[in-house]
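What follows is chain A paired twice: with chain B in the first complex and chain C in the second.
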Partner chain A sequence: MRPLQPLALTVSAPPHRHCGVTVRGRMGNILLAMAPAVVMAVASFGVSGFRVMAMAVAAAILTEAVCDKFMDRETQIHDLHAAVVGLSFAFLLPASAPWWLAAIGSAISIVLGKMVFGGLGGSPFCAPLIGWAVCRLSWPLFMDLDASMLNVELTYPLAQLKNFGLGFVSVTDLGQLFMGRQLGGLGAVQIAGVLIGGLYLILRKHISWIIPVGVIAGALITAALFNAADPNVYAPATFHVLTGSMMFGAFFLATDGPSSPNRRIPMLLFGLLIGVMIIIIRVYGVYPDGTPFAILLASLFTPVFERIRPKPFGVR
Partner chain B sequence: MSKLWKEFSKGLWKELPPFKLVLGLCPVLAVTNTANNGLGMGAAVIFVLTLSNLLVSLVRKAIPAKVRIACFIVIAASLVVAVELLMQAFSYPLYQQLGIFVPLIVVNCIILGRAEAFASKNPPLLSIADGLGMGIGFTMSLTFLGSLREILGQGTWFGMHVTWDGFEPFGFMVQAPGAFVSLGVLLALMNFMENVRRKRRGLKAVEGPSHDCGSCGACGSSSKC
Partner chain C sequence: MQNDTIHLDLAELTLEGRAALVSCGQDVKRGQRIAISSSPGLGDLHSPVAGKVEHVDPFRIRIKADGEGEVEPVELNSLKGEGLLAALRELGADLPMAPSLNTLIINGVDEEQGIGSRRKMLASHQPTLERGLSAVQAIYAPAQTVLAVLKDSEHSLAGTASVEIAAKYPSGLDPLVALAATGKEAPEDALVLGLETVFQAGRIMETGLPAMETVVTCGDSQFLVAVGTPAGAILAKSGQTPKDRDRIVLGGVMRGTAASSPRQGVSKKTSAVMLVKNPTPVALDAPCVGCGQCVQHCPARIDPSMITSYAEFGMYDKAEAAHIDSCFECGICGYYCIARRPMLQYIRLAKCELAKAKAQAGEEVAQ
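Let's look at the complex of A and B:
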């Protein structure tokens, strides 16, 4: 008679199944989605654009490695998040940015925007925007997209709108704006490339469609209201959506995981707040393009939006 | 004598007011945009702190316990008015730079903290040593933070040009957010150094405050996290 075999059971802690999405895979996909804009930026600004992006990415990865060493923890640079932060930061810079600006700003993005909060997933802000804000306050001359790029024939439509009025904007043709024939953050103004990348991310479900739609809808509605009030002073809504870093912010910065809410209604409100704030800053603020500040501001509201949540089952 | 030295020297490093006790942050954040301002503010605080410690210590037995805070404030306020008038007379530009923060020394936590925690329980000589030590520690911290912010943010130190040509000043540092960031980084560095020191002695590193989930409730789940 055979001895009774006990059933072979594996005891382990949940989760027992994994869908296969890794941080590295997700970040790789985001980098892939940024590729069209990178190609367009290099085509538009040449080597100087490539130089800024390479410097920022390298500085971000190096800074994260040093921080990990300093914090006595295993390095996580292979998850590519540092590369995404560096590239996103470079996308907001003018192509003429000096090398130290790209390096310092990128390092600040990683240190103050990510590592001081405990690494990936801990930051209440979108990391590249922290670096952008610090640099914008510190070196306004080098960060000024208009003044630092006088030697190219492209123009910065938002600065023209802000400083001279709607009648002096030299490129209002939406098709040209769409193809990136404008000045701005070197990658962020490559609207077509950014849009392709954003749609790719949405189709692969790496980001939700709600936040970008919220941002664009909020901006369109607010800009349309202003435009309806006085079409001679306020630019049309479509112009606002296709200029500056609005598209890049909507698809890549506002959808940053830890700093944005994660339910449908909060996401929509978050997006709408960003869109409305962008137009308000563009109309009333001192900065020509309000996208980074609008997103930083909305990130502060994330915990408030997160309070909108379904009632747990059985709770009165 | 050794006791006197102990009370004096604890303010210099072991209980360095802004960076170890994290007291008196209002002037630390507000006036340290240049090294000169930090030094001037520190000097005013040394004066007020030493004299208020002395006076509080002298009258410590006459003050009823119930009104002691008000008495301490009155003493500190009189001294601050004296400092303010002296500054107006002898260093008017500095007075204009520091502005509202000179009168605000009255409500500085260090003054009240030392009066309450030390001077009201100890004899005058020890209180003077304590006030002087704390004041000098405070001045050193303010001057250090001011130097850091001035050198990075303006490229100068006490108004002298100390950086190389082509240095682009890091303007963020002299503005308000730079104060918070640099103070936070300094505090982190202090803790890091403390942990390195403990590790060398073979002690366990000090972690942050152990987080009690039950008392916080920020995430909404009151029972478990």
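Let's look at the complex of A and C:
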């Protein structure tokens, strides 16, 4: 480039140094953290799992671009958040989900979970959960894992627990559950992959450890209490933690920035509330896996939790 | 210390809210008052060179050095208390009013990493500092005087107790130094003075001439320079050449001001001249994405995300209710903002608007 005459300096507000993390960088890291579970999901469900994920991601990105067009503003799809929303939504779907379900749910996640609130940062909810909730209530037959996955040898332990009782759960071996030998959300049940990704995000400081620890601790304590009350009826705490979308919710959904609290104590309470609610929904609710609804419910409490805050500097 | 090796052809003095007393084409002597301050804590401004005023606008005065003459020294030794304060402020010391003072804290810790100006003053200008210290003690009559120094540093000043400050940003900023010295956050009966202010007061006491010098860090060395020395000249002295799209920062990288041109001069409070070459992101006009990083890192325990969003939409009263006054402008929120919002700028905007509104309300009450 031809040098500018006279010297053209950059003038900007301080600070003149930055930690280097950008929205795109963070979302890219989250996608990277989801990669192990993606690989495990494809290994487990084959091309049908891949198909659902690809559809959901594509629909999310396209929907956001179209929304930006209608909202007459510069599109931000390059920040990769739409891809994260789409993939997170796909992780909650059964591998048998029809293409239109993945597309519509993903689009709803973006429209109702993000864009109506003005884009990234405005939504009081974790976007993929909005799409999931709409699909779960609108097309229960297609979202129902048991009904749609009859042709696979894997079983859905949480549905067996809900419908038939603890004695009828066919896979109780924790190692098997950990390696994803179960039905559930196609990516969410890849517990090992989700855990690797979650730990990666914590180590790279993209998410705080407090919320996942809160979720898991809340679930462990509540499930242990039920289990202690009657071990023949209530599943052991470890079974609950390694089934369904508990782990995925703890590391990837509950840690969604705008819908979760920002300070330590509120984060812990938020996590604990999610953990407790998951088990309560699993024990008393009509849904086998309570994770999405538990997180949506806890997000409503975020403003209340945020009221727990320290005194600002110098305020007496 | 490379004194008077930077030859001043042209001095550019930043007014920082002072009112200019000179007009274009006027001849000025060295040490002549060229701008008057109306805000507490800000002394008047004097020409560091004898010459002709080349340019005056609401922000700066430029003086070309081609003249002779210097003002007469002022006799200060007989003055005490408020009389001395008024005289020193008139001679350019940035001393605030403080009615009753228990603790006077001299901040000898450089605000940011990479700055060594205050350390240099402590190492090389002890007599001047002691002279300045006795002057400010005569003004404020504090029950005790505390010198804040970096942890494990040898420096001390006669007549002061020392408190050690950890070498971790933002511990060296005035409010946190006050906390370390008194054990209280925002103590009412304590005043923090930067070491350069004590140094300038000492210079005034020694010479009877206005404050016209300060120590700035550039690269790895410190220079005693005249106020108004162009930043570009100091950079050249330390062997750095700004290129297109670089930033010249007056002050530290976390809090400093980006100079609009290499001609912009250093002020009395400028601690460093830095050349920022890396493609550090320039702030974007982006909405808050709610990641919460600023809240987690804020040393003042406020919620910068909400405050800057209020400021963005002109809701300054809400920013005030969210304790914007607790902010001591460390810039850490902007450092961590993944959306690259100009956090500190929004906060300063809101503070400025609130102060303006208050001043206006005060005037209305007075009528």
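Note that in this section the second predicted complex is superposed on the first by the 303 of 316 C-alpha atoms of A that agree within 3 Å, B and C clash if a C-alpha of one lies under 4 Å from a C-alpha of the other, contacts with A are read in each partner's own complex, and residues count from 1 in each chain.
By definition in this document, a contact is a pair of C-beta atoms (placed from the backbone, for glycine too) under 8 Å apart; a residue touches a chain by one contact, two chains touch by 3 or more.
These numbers come from a predicted model, not from an experiment.
Using the superposition on chain A described above, determine whether A:Ser12 touches chain B (first), chain C (second), both, or neither.
The answer is second: A:Ser12 touches chain C but not chain B.
Would you check which partner chain A:Phe142 touches, where first means chain B only, second means chain C only, and both and neither mean what they say?
First partner only, chain B.
For A:Leu112 in the superposed arrangement: first (chain B), second (chain C), both or neither?
Only chain B is touched by A:Leu112; chain C is not.
Between chain B and chain C, which one contacts more residues of chain A in the superposed model?
With both complexes superposed on chain A, more residues of chain A are touched by C.
Which residues form the common part of the chain A surface touched by chain B and by chain C?
none
Can you list the residues on chain A that touch chain B in the complex?
Listed in rising order, the residues are 100, 104, 112, 116, 134, 137-140, 142, 307.
Can you list the residues on chain C that touch chain A in the complex?
It comes out as residues 175, 185-186, 242-249, 251, 253-262, 274, 276, 280-283, 287-292, 295-296, 299-303, 305, 323, 325-328, 331-332, 334-340, 342, 344-345.
Report the residues of chain A in contact with chain C in the complex, numbered from low to high.
Residues 3-4, 6-19, 21-23, 25-26, 118-122, 208, 257-263, 309-315 of chain A touch chain C in their complex.
Mind pulling up the chain B residues that touch chain A in the complex?
168-173, 175, 177, 181, 184, 188, 220
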